[in-house]
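Dropping the structures in below, format is C-alpha cells.
In the two assemblies presented below, subunit A is common to both, partnered first by subunit B and then by subunit C.
Our next item is the complex of A and B:
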C-alpha cells in the first residue's frame, strides 16, 4: 500500500483514496486538426514508461478531488515527493518531510 | 542419442531409480555471431525460436535471457487458455493459437498438461449479458465454440457457485467455451526450450542484453553482459521490459508496464473442474491438478516494474471470489506474487517490424499473453523469417496507433485474462 502525500490536503493518505492518472506534463496540442497522424498518435498513446524515476499525476479521488504531481520510482515504488499541479517537483533528496 | 519421452522411457528409467535422465537442454557458450538473436527466454521467445528452426529451417539462433528460462510472466500467470475474443483480428489469432495448443504436447514430445476443461465468463448485469451475447455471436461467426448459458446452466456446471439473486453482483448467466482450459505454464516454456535446443538453438541464460547495435538504420547485433554479439536479425520478446529494450534502439512503444498479481491457496479436494472468470468484479479462479485454487487479480492502477503490487488489489479480488464461492471463505492462501505486464492502449499486442531494419518486436500482450504462446511464436517467427508481418499479425502492427485502426479488446473480450 502506497502512502501518498496530497499537497493540497497536506497529509499522507493511503493509496486507495487516490486514482492514478499516468505520466505528468503531457500538454494537449493547441490545434489538433493541424497535427500529422504521427504527432497526434504520439500525444494520445506513446508514453515514457521509464524503469526508474517517473513523474506522474494522481487524483485525490476520495479526498479533495484535485490532481497533483508525484515523483515515484517504478522499481522500488518509493515516492520521492509530490507537489501541486502548477509546481515543479524538486530533485530527489531535496524534499524534506516526505516519507518514501 | 536424444532421448524421446514416452511410457517406455519412463518405465525403463524406473529400473534405475530415475537417476540417469539426460539433461533436458544444453548450456552452450555464447557464439560471436548469430543469424537471429531472440531477446527474452519466456514462452513467446522460446516458441519463436522453435518455429524459426522448425518451420523456417534457420539453425544459427540464440535466445538470450537475463534470468532463467520461463522465469518472468510465463511462470507468473494463471495458465488460462481460451480464444473467445470479440474482434475478428484477435479472435483469429487466439483461435489459431488454441488449435496449436491442441496438438502441442505431441508436437513437442513434452506434456504441457493442456486440459480443455472449459472457461466460463460470468455476466452480472443486463449490460454484461448483452455484451456476452454479442461476443458469443461474433465468436460463432469466427468458428469458435462459444455458448450463452443461463444462471441455472452455470450452476449445473459449477455446483459450488453462489447463484443467489440477492448478492451484490448476482450471476445472470455466462459465456462458455468448452475447448478452452488451462495448461502447465512451466511445461510450455520447458517443452519449447527442449524442442528448440534439439534443433540447434542456443539457449543462453543469465545473460542480459544491455544494448542494441544499430548502424545506418540496420541492426548489427546486441551488447550483452557477456560482451557484444553480432546478429543479422534481432527479435525482442521482453514482455514488461519491452519499452526498456526499445529505448536501446531509440524507439518508443505505446506501452505502459503495470504490476499484475495472482495467488494460490493451500491444496483442497477437487471442487472446481473448469475455469470461472468474471470481468465485472475482476476475479478469476481455477483449481490446479495439485488441488490449489489458482486466483488472478487485476492490474494495479499505477505503472511498475517491481514484480509486486498493492495488497488492496488482492483484497478486492478475494472479496469477489468469496461472494461467488462462499465455500472458499476459510481456504487459506499459500502464496501471492506479481509480474510486470506490458499494457497497450487497446489491450492487444504489437507484433511486427520496426523502423530499424532487422529489428522486430512482439510485445504488448498485457494481461493475456500466456494463452497466445504457440500462436504468437508461430506468427512472429514467420514475421522475422520473411521480414514482413504474418497475415494474422498484420493488423497488430504498431502503425495502428497512427492510423487509428485500433482493435479495442478492453472489456469487449470479457477480459479478465
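Our next item is the complex of A and C:
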C-alpha cells in the first residue's frame, strides 16, 4: 500500500485516502472540431504508460478533495515527489514516502 | 506406548502440566510447552500424513515453518482450521487434530494405490489428461475435486472475531534471533519507536535450540535480559506469535498475531487473531535461514529429518525422534547433531559427509576428533543414495562419491538405522524481501540466494548468509545503526554482545545426489514434498523444452504448496540448472508473493463483516418505510423501498396495485437518494454548458431542465434535472448510483482543466429529503400540505420550481415528473423529512395516497420510454443510440464534453444498436433483462446477436408485458419480430415497437 504526500494537506497519508486518476498533464485540445478522428482518438485513448517514471494525477478523496500530481516509478512504485496541480514536479532526486 | 521418545529431563517444556490430545483418532499425552509436532514425535508417531499426489506415508521433517508434511486439520465443525502446521500448533489440553490428506486414516490409506499409477502421473499431467472425450468433463471434475487440495474448509459461520491494529514506527524488526534482538536493543536505546515481532511463542529465534554462549553466559540468559529491558521501554512494542506475512510498498508490513490459537480451538474472550498493519520508517529483516536437505532416493520416508530439527527436538522439547541415527551432512553446523544425539544416550551409526577434502570444506578438527573419540564411524567422501523402509526408515544406502559430487565411485553399503538426519547447508529466508518485486541474488560463495536490494530494508544475520553467532550480533547492531542514521536519530553508545567467532567451512554446493540410474529412472528423489515433485519431474520438464524456472515451476507444481516450497525451491533451481547445463545464477529463482504462511480470511476481514461490511445508507424517512413493511432494494450502498406489500400480496400484486394507484389516483415516493450538487459562481452557467449536452446558461431563474451528461468519448454517463436557483446558482441532480462519480468528474474538470472558471461545488445529497407526489390527484394533496405559492396550472407550470412551505417547513417544490403523470417533488431539510412525509400521507388519505417503491417507479417510467442511466446504458451508448438527439444542443459555442466524439466515424456510423420497445407476441410472456436478441434462433452457433433486453416488466395499465432493449438498426425495423433465446431452451418472440407505450392520453396504449 502506497504512502502519498498530499501537497495541500502537507502530510503523508495512506493510499486508502486517495483515488488514482491516470496520467497528469493531459491538455484538452482547444478546437476539437478541427482535429481528425485519429488525432482526437489519440487524445481520448492513448496514454504514455511508461515503464519507469510516470507523472500522474491523484485525488485526496477522503481528505481535502484536491487533485494533485505525483511522480511515481511504475516498476518499483517508489514515489519521487508530489506537487500542487498548478506546480511542476521536481526532477528525480530524493525518494520520498519512506522517511529516509 | 507412552511418550517413548521423551528424554527423562531437559527441554523447555513444563513436565508439571501434562496435556491430553487426540490425533488421527488416537489419544496421546504431552506437556505444556510442546508443539503438536514435538508431542507426536515424543509418542513415537511415525506417519503424520500422506503426500498429495502419490499418497506416500510422510513423517515430520523439521521443527519450524519449513515443515512440508505435518499439515493438520484442527478440530471439527464451524471452528475447524485446515492446513495448520504441527510444528507451529502449540499443544493445549483437549486438542484434536487429523492429517489433511489420507483416507480413511494416514496409517492406512487407500489412495496410496495411486502410487501404483505413478508412471501415468508425470509432471504436467494436469495439462495432458482429462482432455478426451470432452463430454466426460463433468466426471473428470468430480474426480479431480476428490483428489485435489489440502484440508477441509468449515461450512458454518466462524464463531470467532478478529481485529486489526495500526502502527507507525521508526524501526520494525522482523525476527528475534541474535541479529534481531541486537538491532532492536540498539534502536530502542537510541530513542527510536521500535516494533519487534517473532512468529514463535518465545523470543530468541535460533538461540532457543542452540547450545551457545553470549557474553560468556548461556545465550538464552542474554535473550531474557534483552527482552526484559525492551518490555520496560515505552517506545517498544513486542509481538510474539506474530508472523509478518506480507511486505508491501513503502515499508508497509502486514503481520498476523495468533492470540488464542495456543489455548483452544475457539477464543474464549476477545479476538482470536489480530492483523497488525505496520507502516515503518525502516525495516530490519532478521528472518534467519532454513536448513536444506540434499535430494536422494526415497528422501521422503518417515524418519528422514533435518539435522537442526533433530537437535531442536532434543534441546527444546527433550524428544529423541528415534534410536539409531545416520547423520548425512554437507555442512559443518550439522555435525553438532551427532554429539547432541550421543549426549542424549542414543546411538550414532555413522556420519556420512560427501564433501571433498578440498581446502575450506573440511569439518572442524574439534568436532571430528570428539566424534572419533566416541567411536562413531565417519565415512568421508560418501553420500546417501537411497533409503530402505516404507513406513519408517530401516536402512540408509550409502556409496562413495567423486570430488566433483557428480558420480558415484564405488560399491554401496547398507547402514541399518531408524533416523536419517540430513543437512546440505542453509537457505536464507528471503521471502519477505521479494514481495514487491526485488529478485533474490545467488551467491556462489554461500551457495544460497540472498535478499535483493529494497529501499528502506536492511537484512541482518543468517538471512544475509552470515551463519556465525558473532556475525549475527554484529550485523544486527550495524543494521540498527544504519536505520537510526536514516531516521535522523543519534546512535546511543552501546556495547555489541560478544560471542566466540567460529570459523565455518565454505558452503558446499550439494543438491542432487547422483544415482547409478538417471533421475527419471532412479527411485523417487523428492524436491518438493508438498506437491510430490521429484528430480525426475524437473528433468522431464527440461526434456520437454521448459527452460525458464518460471515455466518449470508451473509445469511441475514446484513450490506451489502452502509452504511455498520453503525446503525444496533451491534444490529445484539447482537441479534445473544442472539439467540445462546452466549456472544457478543464470537460472535464477521464482519470486515469492504474500502470504509467507497461510492467513485466515477472517483475520483479513477483521471486524468489517456482516452489517459492518459496507456502510448502509438510509434516508431520513427510513424508519417509516421499515414500519410499513417495505421490502428493500440495494441501490449502491443505499436501502430503498422496492415495494410495500400489503398482507397476502406477492411482489407482482403489490407492484400492480402501486402502479395503478399512481396512474389513477396519487402515489408518494422517497426520492432522497438521488444525488444533489449545489453549483455556485459567476461561471456556473458556462460550466454546466460545458458538462452537459444541452444548455443551462440560458435557463431562467425559477425553471428546471433535464440534462444529459456524456464522458469525453461521447457515451452517456449520467442524467438528471437541473434547477436554476439564482443568477449564479444551480442545483443539479444525478442518478442515485452516479452521485459521487458525477461530483468527482465535475471537480476533475474544474481543478485540472478550467481552473480559471469561478465555480464552487457542494454535495447536498444527504442534506435534503425529496418526496415525490405523483398522479392525477397529486395537486389536491399538495394543496393540503403546501403554502406560499399557487398550484394553478398557469401559475406553476411543468419544469418550474417554487419556494414555500410544506407541513409548515421551509421547502422548495419542483414540478418534475419521472412517471409521466402530474407530479411534484417536495424538498425539505432532511431533519424534517419524516414529518413532511407523514403530513403528505395524512393529507392524502381521502385520495387513497399509496406509497410506491423503486420497482413501480421503474415500470411507470418505462411505459413512457424514459431511460434509466446504468440500467438501459452501459457506457457504450450515445444519445443518438437512445433516440435522444433532441437533448444535444449542437449550437453551443463551446465544444462540450463528448461533443467531438459524437462525430467519430464509429460513433456516428450506421448499424449501431438502437434503443427500441419490445412487445412479446404472447402478452403474458416476459422477456428476461440481459437476454440476447437474434433474428433466427435456428441459425447454427454462433448465432448473430443483434442486441439485448435492458428493461422488462408487466404493465397493469396495458395489461400485458413489455420491454425495452437494443437492436442493431432498430429504428428502421419497426414491426419486425426478433427472438430472445433463454437458457432453459425457450425462445420468446417479440415485435419491435417505439419506446413510448403510453402517450399523453394516458391509459391509451401507444
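Criterion: the second predicted complex is superposed on the first by the 93 of 100 C-alpha atoms of A that agree within 3 Å, B and C clash if a C-alpha of one lies under 4 Å from a C-alpha of the other, contacts with A are read in each partner's own complex, and residues count from 1 in each chain.
Here is the rule we use: a contact is a pair of C-beta atoms (placed from the backbone, for glycine too) under 8 Å apart; a residue touches a chain by one contact, two chains touch by 3 or more.
Every value quoted in this text rests on a predicted model; they were computed, and no experiment measured them.
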| Which partner does A:20 reach: the first (subunit B), the second (subunit C), both, or neither? | first
| message | Looking at A:37, would you say it contacts subunit B, subunit C, both, or neither? Reply first, second, both or neither. | response | both
| task | Examine A:87 and indicate which partner it touches, taking first as subunit B and second as subunit C; both and neither are also allowed. | result | neither
| field | Contact breadth on subunit A, by residue count: subunit C or subunit B | value | C
| task | Scan A:78 for contacts with subunit B and subunit C and give back first, second, both or neither. | result | second
| request: Figure out whether A:65 sits in contact with subunit B (first) or subunit C (second), or with both, or with neither. | output: second
| message | After the superposition on A, what does A:11 contact: first (subunit B), second (subunit C), both or neither? | response | neither
| Regarding the shared-chain residue A:46, is it in contact with subunit B (first), subunit C (second), both, or neither? | first
| message | Need the overlap of the two footprints on subunit A, from subunit B and from subunit C, as residue ranges. | response | 1-2, 19, 37, 40-41, 44, 75-77
| said: Touching residues of subunit C toward subunit A in the complex: what are they? | reply: 170, 248-252, 279, 281-282, 436-437, 455-456, 486-487, 712-713, 744, 747-748, 751-753, 755, 895, 899-901, 904-905
| note | As the complex stands, subunit A meets subunit B at residues 1-2, 15-16, 19-20, 22, 37-38, 40-42, 44-47, 49, 51, 54, 56, 72, 74-77
| query | Across the complex, what residues on subunit B touch subunit A? | reply | 241, 243-244, 252-257, 301-306, 310-312, 345, 401-404
| note | In the complex, subunit A touches subunit C at residues 1-3, 14, 19, 21, 24, 27-28, 31-33, 35, 37, 40-41, 44, 57, 59, 61, 65-67, 75-79, 85-86, 95, 97-100
